[in-house]
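A, B, C and D label the chains in the order they appear, each numbered from 1.
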Amino acid sequence: MTLDSKLVTLDEAIAKFVPVGCSVVTGTYMEQKIPFAAAHEIIRQQKRDLTLIGPISDILFDQLIGAGCVERVMATWVGNVMMGSAYNFRRAVEKDDPMPLDVVDYTNFTMSLALHAAALGVPFLPTRSTLGSSILEENPHLLVFESPVGDSEKLVAVEALHPDVAIVHACKADAQGNGMVWGNLGITLDAVAASSSVIVIAEEVVPAETLRRDPNRVLIPGFRVNAVCHVPWSCHPSPVQGYYNRDDAWFREYHKASKTLQGYRAWLKKWVLDVPDWVAYLDKVGPERLKKLKPSSGIHSDPVYTGF
Amino acid sequence: MRRPGLTLPDWLKRYVAPNIARPFGSLYFEWVDELASREITVGTRMVVAAAREIHDGEVVFVGMRLPLLAFAVAKSTHAPGAVGLYENGVIRELPAEGLIYTMADGPNVSEATSLSDMLSVMGPLAAGRVDLGFLGAAQVDKFGNLNSTHVKAGDDRVVRLPGSGGACDIACLAHRVVVLMKHEPTRLVERVDYITSPGWGAGTGWRDAQGLPRGGPSALITTRGVIRFDAPDREGRLAAYHPGETVEGIVAQTGRRMQVADGCGPTADPSAEEQAAIDTYDPEGFWTG
Amino acid sequence: MTLDSKLVTLDEAIAKFVPVGCSVVTGTYMEQKIPFAAAHEIIRQQKRDLTLIGPISDILFDQLIGAGCVERVMATWVGNVMMGSAYNFRRAVEKDDPMPLDVVDYTNFTMSLALHAAALGVPFLPTRSTLGSSILEENPHLLVFESPVGDSEKLVAVEALHPDVAIVHACKADAQGNGMVWGNLGITLDAVAASSSVIVIAEEVVPAETLRRDPNRVLIPGFRVNAVCHVPWSCHPSPVQGYYNRDDAWFREYHKASKTLQGYRAWLKKWVLDVPDWVAYLDKVGPERLKKLKPSSGIHSDPVYTGF
Amino acid sequence: MRRPGLTLPDWLKRYVAPNIARPFGSLYFEWVDELASREITVGTRMVVAAAREIHDGEVVFVGMRLPLLAFAVAKSTHAPGAVGLYENGVIRELPAEGLIYTMADGPNVSEATSLSDMLSVMGPLAAGRVDLGFLGAAQVDKFGNLNSTHVKAGDDRVVRLPGSGGACDIACLAHRVVVLMKHEPTRLVERVDYITSPGWGAGTGWRDAQGLPRGGPSALITTRGVIRFDAPDREGRLAAYHPGETVEGIVAQTGRRMQVADGCGPTADPSAEEQAAIDTYDPEGFWTG
């Protein structure tokens, strides 16, 4: 007996696992491995009324907001990490333009704990972070309570967050969704564990045997994964350690282009709506530009003996 | 104009001044100091001031931009044993090779000491094992409370800023916090509209009352000087000014009544070692130029 | 400026960081990487009144109990995994022989959460495990409380555990205590994070540059480590993946030898008290026996590109 | 005596029985069945019964000893998509190559699907993502509560057992639990002295009242038969007996009054595929010999 493969195209995965109105956690590695290919596909499929969940979304959340896909953002920081403001986010919050946006502010740690609570199957986790802050006052998912152990000290209960779907990158994955990752992990593992469905977007799809030579790097467990998409360069312009570096200029260009809604819409038409898929996008970016992003330091890990 | 290891004013002071007659010399020194205040950029002064806040062997939430460079300077000079933590799960002992814009840029991930998840660095922060964290913000108030979420503009419009990121966590849980900020009246205010990152709150005893286990801002390094929060009332007082600035000028550029600490004087110029480190880690002057 | 090295001999590390009466967490990987070399040194140095903390201690806790070093055990399972009973543990609990022993029973998950709570800097973590069990009734560090969020449901607060010292193995470590690990990790990372002091016992000591080629495997952060000891084969007879396999016969022999206190004392004399250090122990075990434990499957991890 | 793919009794039934006259044949069949009860060891019957409790695609806390082999048998036959979790942080899809005594033995770690820490497997368990867990114990009572901590011996002496390990966690948090145990009157008791791992507690509604989110034992596989807990009152009833045992004999060997479920009959012999898998993963009969 052989196992059913979970390999699907990215448009199939988005069509099936990102329904209108669902909550999506993504950008979980932080400034690396932001799955822009998935965001563009969500925009093309006009998935609306989404709740976006993530820590530092860099410009991905901004793109989805500007495209009118987003009803609510639960995040710690929405902007352009290199340049500052995310203009679509600002327009939506400050002027309901193009539409109003509900924002629930978290901190990096409390967002991490909210997903960790779901990963550990409990309704909340305690912390002392956010005590004294306005974030604590305004976020309904952060509640002050007295510790049941010790001196009844004041703690914050961070309510568990259960996203409908996690969209996460993997360096290598097999057809069952087991995902090999390296580089900084951010809140990825808890996001995967907390979510009802999981889409893995892999730089490489490899046989299971390849992953089994190094199980310590296989931190996305296939039994929690619903779809595996093979999309090289899926995170451009953000970096994927060992595959491609950050396209800094892209973030600068986006910043400039998105200063006005009109400018953003021209950008959106050019880079998202007028390209059918990620292959076409990469073609349009051009091999010259991509080539410059390839890593060159040559630093590799040493093999370790994983057998017996 | 900069030579590795020696700034122009240093060079002038060392090799030219001794050969000049006293009365003329004192005028000459004023000129050199003024030159220094132009030659030594504000970015350099802030980086050096920030680097000096890091003690050897300390565990530091480094953050991005100027503090990142400050960490590299500290590591290269007086604090070789300092360890840098980044919210995305990076622990570094080596400063990143080359210019980086985010904490997940290739050079900050490559040759890290450890790479794991956010809880692997937020855990030590929460457990009181992080000595120092660097923060920026749009606004800071009298008691060092920070706002990086939304500020009221003059016409009652609200400007939405990116938000906390990990700033609130660091402000709540690190043993000390150092803030870096542009010095403008609209930024240094009496009371922030929104506390993204708690400072000393409303003064003495406030953090304890909130249940915060430790911490609070120790210094605010601005483009004009250094404000410290070590007075018993926890109000930030001007403790030093960058050469070229005056106490009166700084007070005028502050959006609240600012007291001046005893012994307030000029910040010390970068040492040759500090300048050499800046030249190494910011060769094109991206942050300090 | 160069950094001070944390490299010391094992007897120095035990002398300095395992004071009489302290609490020690060890055996944290579970049935792999049990630092028997450290336990033997603790016995030789007659460290008494210890509190031992650990999940599945296999026969390490039993050896320390039989040697009279232990006042209290906080554990989930004390025995000989392959053979069943740990006889010194049984004699101490059942007959105060050679001395009484205080036992605080945990479960694997609650012990993990107790250390995780300390690692996250909170006085407790919530769970639904142990509800309805006698463990919950008898362990004073497990408390029922009402959830502050949701429907006030019943939860168990697992009180944070802060051991005085963690003794943990690393495959490779540098002189600052940064430790590279692979294989199953058990509760090791939380044990390190929770403890006041940390002793790392490394199979290999390598330059920092070696570790930096593969930071994703460096999960013991040097800034939390106080001493690094270079002790090859330190975990015999338990296995260290890629270095040596389990010496199954040893556990069988120990089981037989320790059935009586007299038998145990003869074993202790032969293998611990009459050998000055671990090198002498390995000599006594003999190269023939060790050679048979070397791995032979040849399975290694593939290098990955960690540079930029 | 065993040929891969066909047990001796199977072979006798298939090739010899058809050629024997009826009256004599029925005696012959009795003889074959008795032979089967000798030929097919109790270990084999328990492993096969346990394997059949695993459904395809399920996530299973495998445990050690017989269930480990049961997992390998299930994977090789009807449940190729089952995934095995181990408390030490191992996730496996391939059954381990060769005999192992602990879940951290080299072959169980080598070529694992994933290796991480305990929370990476206990998390899914607590979050309700584990379908089935296998447990052993020293004692089990009427409602499937397990004791593996301490038992009273006859003379009021207490025998200290190793303790819970992860058993209590699995008993509290998995969707189903299957228990494997030697069938003796002192082990199958009315009420355990100490609940290491909660079963159905005191019967219907008890788990809900405790706050347990799900779960409870579904089957107890002993050396003599299979007891199930699916009656509304959650009392364990004899649902099947291993060929060679009788209902009366089993009741007599049980330390409590045990009811017999409707349709209680013999457990089915291993199929050729099941036997072949056992021959592969326990070639020397260490567990099943």
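Things worth noting here:
Heads up, the rule we're going with is that a contact is a pair of C-beta atoms (placed from the backbone, for glycine too) under 8 Å apart; a residue touches a chain by one contact, two chains touch by 3 or more.
Since the structure is predicted, the reported quantities are computational estimates derived from the model, not experimental observations.
Two chain pairs are in question, B-C and C-D; the one with more C-beta pairs in contact is C-D.
Measuring from the averaged C-alpha position of subunit A to that of subunit C gives a distance of 37 Å. Rounded to a whole number, the gap between the C-alpha centres of subunit B and subunit C is 42 angstrom. For this pair, subunit A with subunit B, the centres built from the Cα atoms lie 31 Å apart.
For subunit D, residues that reach two or more other chains under the stated contact definition are 105-106, 109-112, 115-116, 119, 122, 125-126, 173, 213.
Looking at subunit A, residues 120-122, 127-128, 153, 155, 182-183, 189, 213, 216, 239, 241, 245, 295, 297, 299, 306-308 sit in touch with two or more other chains. Contact topology of the protein chains: irregular, matching none of line, ring, star or complete. Looking at which chains touch one another, you get A-B, A-C, A-D, B-C, C-D.
Residue ranges on subunit C touching subunit B, taken from their complex, read 1-4, 118-122, 176, 178, 189, 193, 208-209, 211-213, 215-216, 218-219, 221-224, 306-308. Interface residues of subunit C facing subunit D in the complex, by the touch rule stated above, are 29-32, 55-56, 58, 75-79, 81-82, 84-86, 89-90, 93-94, 103, 105-110, 112, 116, 127-135, 153-155, 182-190, 238-239, 241, 245-246, 248, 251, 295, 297, 299. The part of subunit B that touches subunit C in the complex is made up of residues 59, 80-81, 83, 91, 93-94, 105-107, 109-116, 119-120, 122-129, 173, 213.
Note for the complex: subunit C touches subunit A at residues 120-128, 143, 145, 147-150, 153, 155, 157, 159, 171, 182-183, 210, 213-214, 216-217, 239, 241-243, 245, 295-308.
By the touch criterion stated above, subunit D contacts subunit C in their complex at residues 64, 86-90, 101-106, 109-112, 115-119, 122, 125-126, 149-150, 157-169, 171-173, 194-198, 201, 206-207, 210-213.
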